[in-house]
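The first chain written gets the first letter, and so on, giving A, B and C; residue counts start at 1 in each chain.
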Amino acid sequence: MRRVGIVALNTFREAVRDRVLYNLVFFALVMIAASILVGQISIGIEEMVIVSLGLSAISVIGLLIAVFIGVGLVSKEMDKRTLYALLAKPVRRWEFLLGKFGGLVLTLTVNTIAMALGLFLALGVITQSDEHLAGSVLVAVYFILLKLALVVALALLFSCYTTPLLAILCTAGLYIAGLFVKEMRAFQSDTVSQAVQSVLRGLSYILPNFENFDVMAAAAHGRAIPGLLIAQNTAYAALYCAVVLAAATAIFTRRNLK
Amino acid sequence: MATPAIEIENLTKDYPFGFLHLKKKTSLEGLTMSVENGEVFGFLGPNGAGKSTTIKLLVGLIFPTAGTARILGKPISDISMHGDIGYLPEQPYFYDYLTAAELLDYFARIHDLPAQERKARVDAMLKKVGLETARKIQLRKYSKGMLQRVGLAQAILHDPKVVILDEPMSGLDPVGRREVRDIILELKQAGKTVLFSTHILSDAEMLCDRVGVIVGGKLRGVGAPDEIVGMKPQGMEILFEYTGDSKGLRGLLSKATQTGSRYRLQVAEADLYATMQQLCGAGAKVLSVSQVRATLEEYFMHLVAADRAQAPAVEVSGK
Amino acid sequence: MSTGASRTLLCAVLLLGFSGVWRLQHGIDAQLNTTRQEQDDLTLRSGALVKALSLEYAPLAADLYWTRVVQYYGGKHESQQTNLDLLWPLLDVTTTLDPNLIVAYRFGGMFLSDAPPRGAGKPEQGIELLRRGIRNNPEYWRFYEDLGFIYYFDLGDYPKAAEVFLEGSKRPGAMIWMKTFAARISEKGESPETSTMLWSEIYNSTSEPSIKENAKVHLQLLRARADCEQLNKLAAEYKKRAGHPPANMRDLVKAGLLPGLATDPVGVQYWFDLEGNAQINPASPLFKEQRVDNKRP
């Protein structure tokens, strides 16, 4: 576990030195532009607009980082052969994978916290918001983070056995599929057979369900989010990440480096 | 006697290729050998012979198709022994966003060296490989030779018992090669076991207690460089100066190689005396006489030629 | 670890993991349903935009939206919520994506127009949707039936209803009874027999479960309404004989006016309210299906 931490910190350092956190500038610009615009056009729903916009930006920026860097976590080290010296040291392959995962999740956490602070700043500028709103926005941010961790795990899994491009496509595809789980569950169409529909229904419970983490509307309206849901979503993300990382480890420990 | 530092038994590696990976290429075939404790062992072979394949199998980067190997008595699948081995990859490359000092510090942490010792070790290693002045430069700005030095530093950073180096001299200038030779000799003095691969024979000849020659994935010979060389007939070389006309020495001069007025002539040991007399008689000035050792290089070329003449080095077969 | 053992371990981890995921998902679904009850959000309300975004997959996108329509209505009906504000935009997008999705028009025509609690109570939207359906699918004559229906049931505009039925009867392939309906309605206006026939026709001509179910409920309500009228007549007769209204159906049975205790189509007994009028029992599932204004079944 100690070595997992060391690898994770190094991964974080890599992200920082590769200027990943520069995206925060972009986010800041979005928030500033949004605050100015909202002041001009909308009366009464400023909070809602800022919250939805801010959360969407946090989610999209996080997803881009999670997918593109997540896919490179392992494949880049294999391509550049930076992995060789490391794996000849007393590092187990699962420790390496977990460290890489942890490092990117750490990066995303820092990044997301920074963006959340920006969002609260923007909210503070336009209104005296109540703690109700702050609470549910905080939960929404936390859910985004859980979602990002799951995306990183998936990206890592795919990058363990395909090319980076395919891994990006697979991760993005699974993410999009995970947004339409509800529709899949109740899909009715004359164009596909009954059997396909039942398969879809079964899949809809097993595929990573990214809808679970979407409480943007509740947050925008400042509705409280039940504690049980927070616990359930945390458990869901943790369990799903564990399963995906176990599969990734199984693939990676058998893998011959070039 | 203690167990050998490295024992390799029937180690074989196939790489699948082609459509659906149905065909396979044997990169290493039934390698059996061992490296004793405290020995410097040279792993010799032309490009594509299977040297790197063997080394990567030993350090667990790839997995054997058949056979086993043990390092310090532990099977290669047991990672715990990695704390006692050092490895320099072929054409090493490291995280280019780190400086040399940071990289070594990172590896030292992985090896669980305590904080004070870590700093001292890192500094000592950087000094040893001649990178003290470049320690604060990011590795992306390093030349190939400098990376090779960093690679060497990280391989011996944690004072391992067994050091495995894949082509440690490649990419280095003469000074660098000299330094690497010195480091290997130092390791030997400190009682470490060193296995290094090379296709440069003089390095091996100079350093190794024993060498193994591998061609086409098969081990063709193991032994002390002298032993291996001993298999070839030897002779004497005479260096002389001669400015007279060629009549008196016609027979000899045609066999000698000429550089200006100097000639280099090889004769069998038995003919040495007669030849010397002939030269002196003709008024040639003998500069030196030395024994010609058949070089490892000759042996090596001989093996490669034999291998080429034989079946193709790598067998291609359906599954 | 041997590869066999590690493979078994991996399978066990995956199996356990996914069964855990499966169970958690059900829990989360339940939780989300409670938090999202009010939260009707439809991000893209413009059919044209959605169509542009879905490229050549518009029919598939239409299927997705159609699924959402059914789910939306089903979910609302299940939880007995009456605001169906998203029904129109959803159907609007669906039929823009796939102008030939007949079932969407029929569904919309019925549930946009039908009164709460079964529909949105917005007949003008139902009419608009069906007119669009007729424009896009001129050969489908049953849209006239649905349209006439809205005028007949929801708006009580009998001349217009008769006119629409007549118009529809002239479409190629239209059933002969379209003309019959036109005549009946222009002659008598609303009558229980016409209503029953119309609903039966709907019931038999569709396979869409929600529509079929709705038609069935309407038919049951019609029968209940007829039963109640019958019971009221008997009660009047009882009052004439006994001098006071019956307290319950047992009185009617004892007086020999009724052979046994009468039940509504779902098998629950009718009861008499305080004014002595026969009613559907509040314990009956049919009770809550009655129109809020209790005008027509």
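In this text, a residue touches a chain if its C-beta (ideal position, glycine included) is under 8 Å from a C-beta of that chain, and two chains touch if they have at least 3 such contacts.
Note that this is a predicted model, so its numbers are computed, not measured.
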Take chain B away and keep the rest in place; grouping is one piece
Reported most central chain by Cα centroids is A
Farthest chain from chain A by C-alpha centroid distance is chain B
Note: chain C sits from chain B at a C-alpha centroid distance in Å of 85
Rounded to the nearest Å, the gap between Cα centres of chain A and chain B is 48
Dist(centroid_CA(chain A), centroid_CA(chain C)) in Å evaluates to 41
Listed in rising order, chain A residues that touch 2 or more other chains are 254
In the complex, the residues of chain C that touch chain A are 3, 6-7, 10, 13-14, 17-18, 20-22, 24-28, 31-32, 34-36, 39, 41, 59-60, 63-64, 66-68, 70-71
Residue set of chain A touching chain B in the complex reads 2-3, 6-7, 10, 13-14, 17-18, 80-82, 84-92, 254, 256-257
Within the complex, chain A is touched by chain B residues 56, 59-63, 79-80, 82-83, 85-89, 91-95, 97-98, 106-107, 109-112, 151, 154-155
Within the complex, chain C is touched by chain A residues 180, 182-183, 186-189, 191, 205-206, 209, 211-212, 215, 217-218, 221, 223, 225-226, 228-229, 232-233, 235-236, 239-240, 242-243, 246-247, 250, 254
